[in-house]
Structures are given as structure tokens and as C-alpha cells.
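What follows are several structures.
What follows is a pair of complexes built around chain A, which joins chain B in one and chain C in the other.
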Partner chain A sequence: MKKFLSMFKKNKATGKRNTYLIMGTIITGLIVIIVLVGLFYTPYSPTKMDSSAKLQGFSFKHIMGTDHMGRDVFSRVVYGSRITLAIATFTVLIGAGLGTIIGAITGYFGGILDEFTMRVVDAMLAFPSILLSLVFVSLFGTGTYQVAIALGISFVPSFARIVRGEVLRCKNMDYVEVARLQGVSDLRIIFVHILPNITGVLVSTIMIGFNNAVLAEAGLSFLGIGSQPPYASLGNMLSDAQSYLFSRPSYVLGIGATIVLMVLGFSFLSEGMKRWK
Partner chain B sequence: MGSDKVIQIKNLNVFYKNHKKSPLSKDRKVHVLKGVDLDVYEGEILGLAGESGCGKSTLAKAIVGMNKDFTGEIIQKYQDAQMVFQDPYSSLNPSKKIGWLLAEPLKVDKTKKWTKEEIDAKVKEIIKAIGLTENMLGRYPDQLSGGQRQRVSIGVALMRSPKVLIADEPVSALDVTIQAQILELLQNLHKEYGITILFISHDLRVIYQICDHVAVMRGGIIEEYGAPKEVYKNPKCDYTKELLVSAGIK
Partner chain C sequence: MRYIMKKVLSMALTLFVVSICVFFAFSLIPGDPVTRMFGTQATPELIEQYRQKMGLNDPLIVRYFRWFTSFIQGDFGTSYDYKVPVAGMIAEKIPITLTLAIMSFVMMVIISIPIGIYTAKHENGIADHILTVINQIIMAIPPFFSGIIMTFIFGIVFKLFKPGGFVSYTKDFWGFIEYLILPAVAIALPKAAMATKLLRGSVIDEAAKDYTRTAYSRGNTTNGVLYLHVLKNAMIPVITFMGMALADMVAGSIVIEQVFGIPGISRILLTSINNRDYPVVETIIMGIATMVLVINLLVDIIYRIIDPRIEVED
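After this line comes the complex of A and B, so read on.
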């Protein structure tokens, strides 16, 4: 906690504040707080329709206006952000978890296993990740969890690659030799001795992954797979809103701005963490 | 000095793979050590001298089993040889505290199950033995100086009380005053714990200062062996003479 607070202070060596980290924390924090509050309270029910209040603009009553069915857009954005964030978190957990294990083990042991895994990873990276996720979605079926799993798997290769590179860098250091001499088991060397040294890279990669996950989820929902109506997610709301792009631009604006803010927040966080130390 | 041999090396040949050559060519292996015979006696400090790339470190790595691609025989009386590396900046895990680094060898010890109290006691004993204070235990390696780090490296090697310690250029990365302190530390530990030390260095003066025997290596063979005083007085081969001249002794 002390370490966390110290990031807001000026760096003693350079006399500069880490603006990226501060901005990122504020933006992401704000979104997370709103989403958490939204668990218990939203101004309107996200699914309640009101035919007398269709496609309204911004007002105090509906701060982001209403949609084509008279639902309050802000309430739906809060609800949709929750689902989007949940999917993104799940995706990154699967991607980073599996990716780290695969990357660390193949990088450490090398040899044929490494060659084989890396060629599979290359093959997976050769496809656009959205296409890959589409394939997995068609395998698993549509729905919130399925999308999270599909996206997660399509995120594994890039994590595996990055972790492998870092492990390769660390595994020839003398401290690994020392550990081997003491008879430390290979798995303990990988996960206890090497992994803590690559957390810096891993954390900023996770933040970027979060970013991509938010965008990918929005993209998939926009295409109509992902969480299904009446449940809102940022992507399928955007897809609904695009038919009113010119007649009622404010409808799209609130949703689009939320996605932009979310991505911006995570980008700032990842950039800030890179510059932290 | 006892006359028991702790390590006997007989006709040791070590090869390294040469990755530059094509996989189809016949001599893909580089012959690094060409028939080395060397005895290390119990309780002595044996100095191993020679220029860079002559195979000193290769020999050390073969002894501790880090390189298994060799022919010949290495007979060890005790199977617990530990090693101290040259660069104190890369031989300590930067993400772990000193206390953790010292405790790790005992935590993974397969021959004995150590309780927490025993580990704590041993860590405290060793940190004193290497001339550091207990408040260093909570620090990270990058908060220590080069000399302090090398002390910790030696401490890590000593944790399981090995009978043999191989020090691979332990003072080459340090400046002269710190070198003297580390050498003194090694000598003290040698006296106190009766450890046999194989001391590798390219600096003949350092070897003269602390070693009971010296072996001079060149191009993968041992050219000369004997007590430092005699070797330095009447070097038999030209290479030793050259080394002595370049070290400013002759």
C-alpha cells in the first residue's frame, strides 16, 4: 500500500511525476467504482423499456440519453461495462495463466518441446486474433463464458511468446546456475527463482492484454456473438446504436466514449507501469 | 595438512558443442580440456591459474557437475562441492532478499529436513561468518555493494557446510581493497571450517598470497604444478615465466 501511494509522489531522482500511472489509475479507478456501484444501484433498470421516452438526447433525467426502446443508456452502459470488464478479466486470466506456464516451461527446457510449441504458437499468431476467436466461438457456442474462453485461448500465444523470451534471458544468469548447483528442482527454479524477475514485463503485458480484450469483446459482441440481448455489453449496444448514427448521434456517443475511456485508462496504466521503476 | 585426496581428476577431456559449424560437419565439438590430471588434497587451498579461455572455469564446472559432457574420471570424496561465481551482480537473484537467498539451500536440501528454527540459526551463524550484520538479511541484492554481494554469494555456498568450495575468479570483479577483504574472508573460513578451496584466478599474486599449491593451465592442459614459492622461483615452462612477468613478479 505504501509502495502504491509512493507512485503519486515525485520521483526523487528525476523530479518528475509518473503522469501516465496517475491518469491511468484515476480513469480505471473511476470506471471500476462506477461498475461496482452499478452492482447495487443503477438509475434505471438496464432492461426496462419505456416507449414514451425513445431515443432521447442527453438530459439530467437520462445523462446518456435513451435508446431505441426507451431504455436508459447510462444504466445499460454501467451494466454492459461490468460484463465487458468481467470478460476481459477472465480472458486475461486464461491467456496470461496458460501463456505464462507454457512460455516458462518451453523456454526453460528448450529442445524439441520448445520448437514444437513455438511453431504451434507461430501458426496461431499468423491468424488475426478476431478470426481465431470466431473459430473458437463457433466451437463452443455463443454466450458470455464461451466468449471469455474463446478470447482467452486466442490470447495464450502472445503471452507464451513474451514469457518464453524473458525466461530465456534469465535462465543463463548465474543465480540460476547457483540454484541448480544447490539441487533446486526445475519447476521451483522456473516458478520461484525466475518468475518473480519477469513480473515487471508480465504486468505491463497483462495491462495491454486487458486493453485488447476489451476491444476484442466489443468487436465480437458487435458482430453478434458474445453476450446476447436483452443483456447489454458495450459491443452489442454499439451494434444496436449504429443504425441511429446519423439520426441520434448522442446514442452512440455515450457508449463509444466509455469504450475509449476504458482502453485509454488501461493504456495509461500499462505505460505508467513500464516507467515505474 | 592431511594428505587425503578430496578430488582426483584423471585424464579429463571436456567438449563443447560448436554451434557455428554446420550440423553435418564432423568436428562439431570443441575440445576444451585435453587430458587434465589434478589432485586436490584435503584442507588445502589450490590455486588454478591461467589466461582467459584456457579452461579454468570449464574444469570447475565439470567438477560440480554442471557440464556432463566429458570423458575421464572425476573422483570426489564428498559429493557436496559448492561454487562461487565471478560476477557478484548476476549470481544473486535480484528479486529475493538476502535472508531468503541464504535460507534457500537448506529449504531444498534433500539429505536433511531442516526446521524453521534450525534454518534461522544457521542463517544467523553464516551471516556473522561472512562479516555482515543481521540487518542485511532484509535487504535486496541491489542495495549491497559488490564486496558485500560477493560475501553473500560465499555465504550461500557455505550454507550446507560443504567440504569443498570452488571459487571461480571470486575477486576479479572487485577493486583491490575489497579484493583483499574477500581473500581474508576466504582464508578465515578456510581455517575456521577446514574447507578445501579450489581457487581459480588469473592473478598470480593473489594465488601466491593464499594458496598451498598452484596449477598453471594453458590451452586445456596443466603445464605446471607445485608449491607457489617453488614455482615462482624456478618456473619450469616458458608460459609460467610469461605469466610471472606480466603479473610483475619477475
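After this line comes the complex of A and C, so read on.
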């Protein structure tokens, strides 16, 4: 915690604050707080329709206006952000979890298993991530859980590659040799000795992972393949709002800006963490 | 030459692995294509007859090689839904998606290289600081949102183009190109921002190296050092990124085609995914994968030309 707070202070060597980290924490923190509060309270029910208040602009009553069914856009955005964030978290958990295990084991042991796994990883990385998730969605079917799993699997290769590289770098260092001489088992060396030493890289990668997961989820649900209504995520809502661009242009703004802010928050965080070391 | 041969071989191997993964993945999904074809009219005899005819009773390996050999010969199978050859379905759509991707790529290069060089040259200047912040923000705007915003500004406010008024390249080629400009910008912007950032960092790194000082001491001007020595080395990581970006753009155009109502391969891919029309999905995925791998190969070859130090790695 103390280390966490120290990041807001000026760097003693350069006399500069880490603006990226501070901005990232503020933006992401704000979004997470609003989403958490939204679990218990939103100004309106996200599904309550009001035929007398369709497609309104920004006002004090409806800060992001209302949609084509008279629902409060802000309440829906809070609700949609929750789904987008939940899917992103799940995606990163699968991607980072499996990727770390695969990358650490193949990097540490090497050999034919490593050779084979890296061929598959290369083949998967050759696919643009959105296409890879489309492949998995077409295999698993469309829906909230399926998309989370599909995205998660498509994130595994990049995590595996990064962790493998880091483990390769560390595995011949002195502290690993010492542990090996003391008779510590290989698995314990990997997960207890090496892994804590690569958390810096891992955390920054996880933040980029969040950044990409939010973008990918929004893209997929924008195409109508992601989470299905009534669990509308931000992408679905943006796709709906696009149809009313002509009659109520401000409708897309609140939703789009939320996606941008969410991505911006994570990208600032990852940028800041990279500069922090 | 040996280098290129080796790269071509490794590409063929990867493509082979991809084809195995794609084929087996789609074969393992529950659901029988014949039952799907006939729906409620399916009788056991009819199903058996067609399974025999389509060779579905053969072992998976045999089916894979049959599929693979006909695939290389340009026979991509028949769509379950439309009952027409897949090749014909996508042949006229591919030029649209490909043109869009190439236009986005050209825009990314035109935007990122001058800005990247400028910001690196004036590191820590006011323009550099402003452009770096703008860069970071542009990276966070997904193409489908910037696409919508551009539709609004240029289509509804200024009425410079007609939203949804796509013209096919067979009818009016320049009208077609004109309609693709905004979608291409939408795809190019975030990639250009990333390329700018990368180029800036790379030029700054290279400028701190010894050979730069040597070049200066031989009486070169800043511009001379920058354009004759530094840039060539600084471009190497940028070219890797741009190769990946081109591959991403082919896939990224799928989303943008939806935003601007462009009838490229996106619509076919999406309906096929929703209807589980696997021959079509398989073909499009294999097609994009091949394109991506060819792009990677070209990047490797360009590498070798820029930097002959790159050896054949074992």
C-alpha cells in the first residue's frame, strides 16, 4: 500500500510526477466507483421505458439523455459498463492465468514441448485478435459467457509469449541456481522464486490486456456477437444509438465517451507503470 | 536467397498448422451439417444418403486431406445456407475489404512517419508534448466510434458524403474510393498514433548511439544524420509494427464495414457465424490467415533488405 501511494509523489531523481499513472488511477478509479455504486443505485432503472421521454438530449434530469425507448442513457451506461468490465476482467483472468502457466512452464523447461507450444502460439498470434475471437465465438456460439471465454482464450498466446520471454531471462540467474542447488523443486522455483520477480512486466501487460479486452468486447458486441440484450453492453448500445445519429446525435456521445474513457484509463495506467520502474 | 527460402518454408508450415486447427475445430463442433441442410424434412435414410455422398462417414484425417487439397486448388466448398460455391460468394467482396485495408495502411504511413520524425526531432518541445497527449487519446478511440463521429460531422453536418451511399467499384471506381476515405481514416487513426509513438521512441533511442556521434563528427548536419543514418535503423521496429497493423486492418475493416454500411466480407462473415454456415467461415478465416502470413513474409524480406545483418536464425 505504501509502495502504491509512493507512486503519486514526485520522482526524487527527475523531480517529475508520473502524470500517466495519476490520470490513469483517477479515471479508472472513477469508473470503477460509479459501476460499484451502480450495483445498488442508478438514477433510473436501466430497463424502465418511458414513451413520453424518447430520444431526449442532455439535461439535468437525464445527464446523458434518453434512448429510443425512453430509457435513461446514463443508467444504461452504468449497467453496460458493468458488463463490459466484467467480461474484460474475466478475459484478462483467463488470458493472464493460462498464459502465465503455459509461458512459465514452456520457458523454464524448454525442449520439444516448448518448440511445439510456441509454434501454436505463433500460429495464433498470426491472427488479428478480433478475428481470433470471432473464430472462437463461432465455435462456442454467441452470448455473454461465450464471448468472455472466446476473448480469454484469444488473449492466452500474447501473455504466454511475454511470460516465456521473462522466464527465459531469469532462469539462469544466480538466485535460481542457488534455489536449484538447495534442492527446491522446479515448480516451486517457477512459481515462488521466478514469478514474483516478473510481476512488474506482468502487471503492465495486464493493464494493456484490460485496454484491449474492453476494445475487443465493445467491438464484438457492436457487431451484435457479444453479450445479448437485455444484458446490453456498451458496444450493443452504441450500435443501437448509431441508428438515431440523424435525429439525436448526442445519443451516441455519452456511450462512446464512456468507452473512450475506460480505454484511456487503462492505457494511462499501463503507460504509467512502464515509466514507474 | 537461403533466408527467403527458409521464411517461405516456415510460413507454409504455420499455414499448415492453422489449416489443421481450423478444420478440426470446426469438425468437432456438435451439430451435423446434413441435418442442418434439411432441417425438419430430414429422414434417417436421406441423412445417411447425403452423408455418404458428402463423404462425412470417412475418418477425420481423410476428410481433412480432401478438404485441404481441394482448398489449395481453389475449391472452397459449398455454403450450407445459400447452396452456392463459397468461392463465388466472396470473390467480389474481397477487393472491397482489401482496398479498404490498403487505403488505411497508406494513410497510417502518411500520417505517422512525418509526425513521428517531427516529434522526435523536437523532443520535449511544446508541439511534442501536445502531440504526445493527443496521440495517447487517439489510441483510446475505437475505430467504430470515430467512424460514427465522422459520419456525423462529414455526412450530416457538412453533407460531404452520403451515409450508406456506397457505390460498387464495378460501377464507379472513383466514387467507390471516395466513399472509402472516411472508413480508412477511422481504421488508420489509432494505428497511426501507435506508429508515431513507436517511431518517435525509436528515433530517440537510435540518436543516442555511438554511430550517430560518429556521423556528426564527420561533419554531417542534423538532417543529414537523421535521414541518412538514424532513420534507416529506427524504421526496423516500426516496419514490424506496420506489418502487424496491416494484418489488423484487414480484420479491423470487418467492424468498420458495419459502421459505414460497406458490403465487404464482413456481412457474409457475420451472418455465417450467426447461422453456423461453417464452409463460409472456414474459407474467410483461412483467407485472412493466408493474407496475414504473406504480409509477415514480406515484412521479413523487407527487413533483410534494410538490415543485411539479420541472419538466418536456427
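We take it that the second predicted complex is superposed on the first by the 277 of 277 C-alpha atoms of A that agree within 3 Å, B and C clash if a C-alpha of one lies under 4 Å from a C-alpha of the other, contacts with A are read in each partner's own complex, and residues count from 1 in each chain.
Quick note on the criterion: contacts are C-beta pairs under 8 Å (C-beta built on N, C-alpha and C of every residue); 3 or more make two chains touch, one makes a residue touch a chain.
Bear in mind the structure is a predicted one, so any value in this text is a computation, not a measurement.
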item	value
Touch count on chain A, higher of chain B and chain C	C
Contact residues common to both interfaces of chain A (with chain B and with chain C)	none
Chain A residues within the chain C interface of the complex	119-120, 122-123, 126-131, 134-135, 137-139, 142, 211, 215, 218-219, 222-225, 238-239, 242, 245-246, 249, 252, 256, 259-261, 263-264, 267-268, 271
Chain C - residues contacting chain A, complex	13-14, 17-18, 21-22, 25-26, 29, 136-137, 139-142, 144-145, 148-149, 151-152, 156, 163, 247-248, 250-252, 254-255, 258-259, 269-270, 272-274, 276, 278, 281, 285, 288-289, 292-293, 296
Contact set on chain B toward chain A in their complex	64, 66, 82-83, 85, 87, 90-96, 104-105, 108-110, 153, 156-157, 160
Chain A residues within the chain B interface of the complex	173-175, 177-185, 188, 193, 196-197, 199
